[in-house]
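Structure, as structure tokens:
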Amino acid sequence: MSDAKLKKDLIDGTLYDPQKRPRFNEIASFMRAPVAESLDGVDIGLIGVPFDGGTSFKPGARLGPRGIRQQSCLMRTRNHSSGIAPFEICNIFDLGDVYLEKMYNIEDAHRCIEHYYREICARNIMPLTVGGDHSITYPIFKSLAKDGPIGMVHIDAHTDTWDSLYGSKFFHGAPFRRAVEDGLLDPRRTIQIGIRGSEHSGTPNYSLECGMRVIFIDEFDELGVDGVLQEVRRVVGDGKTYVSFDVDGLDPAFAPGTGTPESGGISMREALRLIKGLRGLNLIGGDVVEVAPDLDPSGMTALNAATLMFEMLCVLADARANR
Amino acid sequence: MSDAKLKKDLIDGTLYDPQKRPRFNEIASFMRAPVAESLDGVDIGLIGVPFDGGTSFKPGARLGPRGIRQQSCLMRTRNHSSGIAPFEICNIFDLGDVYLEKMYNIEDAHRCIEHYYREICARNIMPLTVGGDHSITYPIFKSLAKDGPIGMVHIDAHTDTWDSLYGSKFFHGAPFRRAVEDGLLDPRRTIQIGIRGSEHSGTPNYSLECGMRVIFIDEFDELGVDGVLQEVRRVVGDGKTYVSFDVDGLDPAFAPGTGTPESGGISMREALRLIKGLRGLNLIGGDVVEVAPDLDPSGMTALNAATLMFEMLCVLADARANR
Amino acid sequence: MSDAKLKKDLIDGTLYDPQKRPRFNEIASFMRAPVAESLDGVDIGLIGVPFDGGTSFKPGARLGPRGIRQQSCLMRTRNHSSGIAPFEICNIFDLGDVYLEKMYNIEDAHRCIEHYYREICARNIMPLTVGGDHSITYPIFKSLAKDGPIGMVHIDAHTDTWDSLYGSKFFHGAPFRRAVEDGLLDPRRTIQIGIRGSEHSGTPNYSLECGMRVIFIDEFDELGVDGVLQEVRRVVGDGKTYVSFDVDGLDPAFAPGTGTPESGGISMREALRLIKGLRGLNLIGGDVVEVAPDLDPSGMTALNAATLMFEMLCVLADARANR
Amino acid sequence: MSDAKLKKDLIDGTLYDPQKRPRFNEIASFMRAPVAESLDGVDIGLIGVPFDGGTSFKPGARLGPRGIRQQSCLMRTRNHSSGIAPFEICNIFDLGDVYLEKMYNIEDAHRCIEHYYREICARNIMPLTVGGDHSITYPIFKSLAKDGPIGMVHIDAHTDTWDSLYGSKFFHGAPFRRAVEDGLLDPRRTIQIGIRGSEHSGTPNYSLECGMRVIFIDEFDELGVDGVLQEVRRVVGDGKTYVSFDVDGLDPAFAPGTGTPESGGISMREALRLIKGLRGLNLIGGDVVEVAPDLDPSGMTALNAATLMFEMLCVLADARANR
Amino acid sequence: MSDAKLKKDLIDGTLYDPQKRPRFNEIASFMRAPVAESLDGVDIGLIGVPFDGGTSFKPGARLGPRGIRQQSCLMRTRNHSSGIAPFEICNIFDLGDVYLEKMYNIEDAHRCIEHYYREICARNIMPLTVGGDHSITYPIFKSLAKDGPIGMVHIDAHTDTWDSLYGSKFFHGAPFRRAVEDGLLDPRRTIQIGIRGSEHSGTPNYSLECGMRVIFIDEFDELGVDGVLQEVRRVVGDGKTYVSFDVDGLDPAFAPGTGTPESGGISMREALRLIKGLRGLNLIGGDVVEVAPDLDPSGMTALNAATLMFEMLCVLADARANR
Amino acid sequence: MSDAKLKKDLIDGTLYDPQKRPRFNEIASFMRAPVAESLDGVDIGLIGVPFDGGTSFKPGARLGPRGIRQQSCLMRTRNHSSGIAPFEICNIFDLGDVYLEKMYNIEDAHRCIEHYYREICARNIMPLTVGGDHSITYPIFKSLAKDGPIGMVHIDAHTDTWDSLYGSKFFHGAPFRRAVEDGLLDPRRTIQIGIRGSEHSGTPNYSLECGMRVIFIDEFDELGVDGVLQEVRRVVGDGKTYVSFDVDGLDPAFAPGTGTPESGGISMREALRLIKGLRGLNLIGGDVVEVAPDLDPSGMTALNAATLMFEMLCVLADARANR
């Protein structure tokens, strides 16, 4: 990875190019990107947040960064459809994983994440994060939205705007309620796509109440991807916008390796077209969360997550380069 | 489950509500429904029939009730799309499994099932059954259709109207032929949806011959879910109607855990819309069959079956409450 | 389960006996034991503690109680070797799972566990617990050792007497250090069996320092099971003794489904002989912990854990009946 | 299989018909076809080529013929949709596997394959091949296209017209470039369907350059299956045409068991309609390649491949019978 | 397989020798043995009995012959330890599977098996059978022991001498009680090895009552393999003796793919030494049963079963050749 | 990994110590060792050789280095039994993977390996290699034994001294025959341990013929680990000695993820004691080969291989430090 010089001088006699190596070779970084040795000059940082202490059913998303690093070696460097070649237009590095000094208490862990992203934002690095469970997006927002509430394109089976569960206001079903309450997320510039599944009787839907645009799977069926993208553009406009993709937004056939799967979700073809369609928005970062690799030994969930991550990297890099 | 009082008095000091517990908690009943302590006052009974002695290829559906009980803890209590909250409008209990005193001879086993459902019908309980293989629907019909032939919405890869196989007229490919022959099922009020796969050369199609409406997968593609639902309403009308969902009606990508999978089936999104569209029919019961959990360690097949079961419960409860 | 009367009166006309039912039938309780409807008259309680918030590597042990309930249907009622028939000499019930009102902070969760076991101990019920991760044994001890420090037979790959990790003194590597510090566990009456694996350089071994008898796997090889049992009797004597079995004490070939496996452990044959050999000790409770069923789709780990649990139940019931 | 006489005379007293046997019975041949004892009178040969020495990522396709033989017992004898009954209109046999005398050098292995197919073509047998990796199609073409370049319908995630990799011009990403260069394949009569995934920056697309019609997945979405089939007919016309289906053309949800999966592919329903739509073309052979059964323990990939193979057999048999 | 001539004449120009082919090649027969085209001249027949209708817990053993045929390609032709080369001293063929004309009623199925083995015995072919569940050994004995009761070396976790279960006297837990009752099996010349697991309270042990020698796993531990073999020789003497190996006699670590696993069993090293030690007995046949391949996607259970089968073939061939 | 400075300066403000991080964190290197940035000062190099082009049955060992890097994060830094802390007594780095410029021809690939190790040896770095299939040891020897034939402790199911297969003298069953023929390996100072499995009839055993000491599994049973170690010391003496561990030397219960498993092998406890017992020999390098992670989704094979690798590292480091 980072040993270009070593390989050049001593072993190969040629410049080390991971893309020319067999894909099953070498130490696995995100999309075979170089591992950063310094934060200087980094445009986009690929960051793992291996925390799943906010899970409500099956845990395991702490191993998401590892699993996605493995599968993402299948990514190449240019998007065949949009033509974007992110590594050519931005300096992109794997920044490793956030260090969670305190892991056993969710609020402590969130503080570690917030602290880390404060450094990232201070250096003007655009973050593309791999979870971990969805609770991590809240501390990321605490650092990212320091100049006022941001907009969001949110693909998920769940709204993640519940209140508290099992004694905590901080868990993977509540990050966006906390974010609205804290003035980090602008609900009127937030669109949630693919929501479905049974509900708790008697629970009002906070997303609708606070003004988010919610596209349940039924409406998704009616609108189609193009119709959904029109709504996306109408809702988020040209303000700063974050993209958050919970892999349980996909149907379990495409993402069995996740902790709270919901039947009847969107397909990978739809998902890729959705993300591709975000090109031109004022994007400031994104994440792919809730991949629990041990729940899917086939590796398909992590492969799909890595592909979503690459598609997201393309539109993020395009946004960053055209800033 | 049934220990509400125990928990209230001695341990928690609060009323026990399984929906408030973590979903990985406690003994698994169907959708965390209470386990019946009496049949009095039961409107809808959730019943397991752990029998797979009628299987023609891979067995294992005897473990279907177990597997679906496990995965069904992911169900909550209200349908986000239709707004139906079945547990609020009906008394719904897990009645446990049919006891198969004689298991090694398919005709003996069928007699046990028939006997059990006679008690259920005598108490006016609407049954929602989890198989087991599809042969079990025939003895259920023997008790359920005691007042004359019923109609059926049947989703499956196979017509299950073959004649005999390997020396028996009673196996999972023949229940609906037996039911027509016995005057339990009205073929003109029967619609079969999603039929596909290769056939035995030279075998006439009994379903077509006896007047059933068969929507092969090719026609399904043309009609779309809405068109199929129009046909459903036209065929079954307002007479008594049963719903039978064989999970091999789904494409193997959504239901790998079944004994006779057929490539090229319907997706979960289509399946959920199909069942949702049955609201308003004169429904008298239903089943989800052919889940073999050990053939799908990911649990996806059982999760999808549990979700289909919940969707079916919603339209059944609506029918029952509006009877 | 608890519906004996229901089944007797309305369906079968005969007394319901789960042991006479096919083992794949009905709702899964621990070893098909009846689910308690009251704590009155319970001699031994089978209790699930679905908590894995103290895990340091792969989580998933929160699903241990579920998984072991499933596999434990393979247990029958009498030990073929010792002849002990626990259900005949004690009243044994499945008490369900401890309700963790607060799950996202390990110290809150531990308080819930401690509170629950206080009730159990107050009723003089001997607990046989299924974890969850090993951190749960500490709050159990807080209720169980209220009359002074107890002894312990501890089978494990790890000593679990580390100090703190990732910002917490409460995690699955530290319960027995906390227990010694709090005067709940008598280190001189504690024996740890099967310890192995690489260590952190420079870390002193607290177990040895505080006077526990540690049988590393090398010495286990030399002594053999009989020699180890001699040491067990010498160390714990006739004082109150708890048995704690972490399934990672087994070699990964026998227990792949656990979060921190260590190569080169004991076999199931050795493990069963070890537990069988505890007959006659002054046993007051026990646990089997660290089963993460999703890490082992074959079900073997949970089956082995259920078998260890049955073997433990036999010696516990013998102790209880002969108290 | 071939032991019809044995079974008739000595055991059953009745003619042996594999289709009447349980599908889990007997030695597995492709679709329970008889195993050839002579090449005389064979119209269509089902042939395995167990070679994966041309793989660039995960190997295992050498076990494809074995895996597909197992799963293909689920095929019956008549296509329910087209009505084609291939075994009634052609003499179809399982010819076993190509013997690769030299396996460790890809060029030697290719020579063995070429030699084998020379014999097949000399006997006017239409080959339906099961790979193996996609590199095998090149030596097949060397024998099959001996009278001039042929056309091709190619379904795949990748164009397989790269140049060389890891020191060889012969690997599974290059067969069709080699075939064009050698005058075996007519690029203007070649259509590639389902192409997608990220690319290497700076690599020109040889397929487009040499005049092939490439339908990327985006255009596939727009055209739909019927639109694609129109293009197929326009491009290949009525000249000799080969069909090559790489299972990674399917979305990984339908084919997890392959060495270089690409997210966002076509579904089995689309794939089956595509092949069905080839009826009437001047077809001379086909293959299904890149099934690596050990990467998909569920067997779904091999089942889907077997179903694609049956669908292909129907259109090939129709072409052969109507020649 | 049987196509030696085909391959010689038309394709390879050389004699076909499956042992020289790659092991992943060709259609899978037992140990790559030739498939019989006639029963004339067969000394030992390798026979599949794909029936699991006598199973009491998880089914799937009907797929045992298929699974073992696949894995047995790893066998070569000479026993490295004993030097026996069975294919050189006997004519050994794969005879395919018993055809179960009637499969859905266990007694009908057993009649098919009995009928088949009557033909085998009439031709003086020594049978080496692959199950299927253990109930199949009873109908085999009905044909094999036609000249008086035989002896047996039986390796298993269970005695299989229960009486009736779930309404039938014919299931996989009762074959040897039925065999003793019918005068087919001499209990005083029967030794059962590896018996373990919990029992039903109050059930007397029929094996002990009727005079069989039962070596429970505890005694196995004490005697060691050599001591057990002494007992074997003492018990069976020089009369006709059958060997029956139920793979659940192995510890689940070595055979996870079986329907009623019991923890704490014998290892493969012990098992192989046990069978090797039977050389010199008057052996007349044997079986390996209860392999359910779908319960073990790793293939290890079938591989171990194939290896046990090869070891058994060696001692059977030695007995046959020295008759 | 290599970003200690980055993390220290910019993010954490503390020195980066991978051992203090959660084990599921960060990019996976062998045993969390630092990734080399230069070969200067390296004492022991941990090297991956991702080549499986010499496999004779199931491929997949090319992914061994990846899989073992993942699982080896479970290693800590000191051997609890011997007390050796390898990272304290030697400079140990992960050197990445050998770059196989030419991968599709086994002889070309071997030349790349030989070239790489020539550089390693020239710098006096002791190599600890992770395969890859066993064919890779031959080119390693070509560089390592440049000063005369070396001795070897070889643990394996197979002798790997066959001649040629499928047209090549270079495959994973022949490396040590080639090495003896080339004067790289001294057969009289070579001991092979754990050999077993069926053989090809009529093949003489080259190992025995050329004077190697072969301990078949039967003799292993008799001698026990201590007896075997005595033989090891007698055979290899104090000359330069290499250790080669093929994971198929382990029983498949401990190593299901390998391409040519053989039933009845050694256990992990025995294996660890064997390697531990090599302390004090004149060791010059070692390897662990034939791990195919995709054949074992549980990860156990790679975990056991990583543990064997750590045990080997301890004795190698001890030898290196005491040179």
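To keep things simple, chains are lettered A, B, C, D, E and F as they appear, and every chain counts its residues starting from 1.
In the analysis below, contacts are C-beta pairs under 8 Å (C-beta built on N, C-alpha and C of every residue); 3 or more make two chains touch, one makes a residue touch a chain.
By chain, with names taken from UniProt: A, B, C, D, E, F = Guanidinobutyrase.
Bear in mind the structure is a predicted one, so any value in this text is a computation, not a measurement.
Trainee: If you check the contacts of subunit B (Guanidinobutyrase) and subunit C (Guanidinobutyrase), which chains show up for both?
Mentor: A, E
Trainee: By mean C-alpha coordinates, which chain is most distant from subunit A (Guanidinobutyrase)?
Mentor: E
Trainee: Could the interface between the copies subunit A (Guanidinobutyrase) and subunit F (Guanidinobutyrase) be described as same, meaning over half of its residue numbers are common to both, or is it different?
Mentor: Same residues, largely: of all residue numbers at this interface, over half are found in both copies.
Trainee: Report the inter-chain centroid distance for subunit A (Guanidinobutyrase) and subunit D (Guanidinobutyrase) in whole angstrom, where each centroid is the mean of the CA atoms.
Mentor: Using C-alpha averages as centres, the distance is 38 Å.
Trainee: Measuring from the mean C-alpha position of subunit D (Guanidinobutyrase) to the mean C-alpha position of subunit F (Guanidinobutyrase), what distance in angstrom results?
Mentor: 39
Trainee: Name the residues of subunit C (Guanidinobutyrase) that each touch 2 or more other chains.
Mentor: Residue numbers touching two or more other chains: 22, 24, 58, 62-63, 100, 103, 166, 251, 253, 295, 297.
Trainee: Throw together a list of every chain pair that touches.
Mentor: Touching chain pairs, listed by label, are A-B, A-C, A-D, A-F, B-C, B-D, B-E, C-E, C-F, D-E, D-F, E-F.
Trainee: If we count contacts the way the header does, which residues on subunit F (Guanidinobutyrase) are in touch with subunit D (Guanidinobutyrase) in the complex?
Mentor: 52-54, 58-60, 62-63, 100-108, 166-168, 170-171, 294-295, 297
Trainee: If you look only at subunit C (Guanidinobutyrase), which of its residues touch subunit F (Guanidinobutyrase) in the complex?
Mentor: 56-58, 166, 195-202, 216-218, 221, 251-253, 256, 260-265, 295-296
Trainee: Considering the complex alone, what residue numbers of subunit D (Guanidinobutyrase) touch subunit B (Guanidinobutyrase)?
Mentor: So the residues of subunit D (Guanidinobutyrase) touching subunit B (Guanidinobutyrase) come out as 19, 22-24, 74-81, 85, 87-88, 251, 253-254, 267-269, 271-273, 298-300, 303-304, 307-308, 310.
Trainee: Spell out the part of subunit F (Guanidinobutyrase) that touches subunit A (Guanidinobutyrase) in their complex, as residue ranges.
Mentor: Where subunit F (Guanidinobutyrase) meets subunit A (Guanidinobutyrase), its residues are 1-3, 5-7, 10-12, 21-22, 24-29, 35-39, 48, 50, 62-63, 66, 69-70, 94, 96-97, 99-100, 103, 116, 119, 297.
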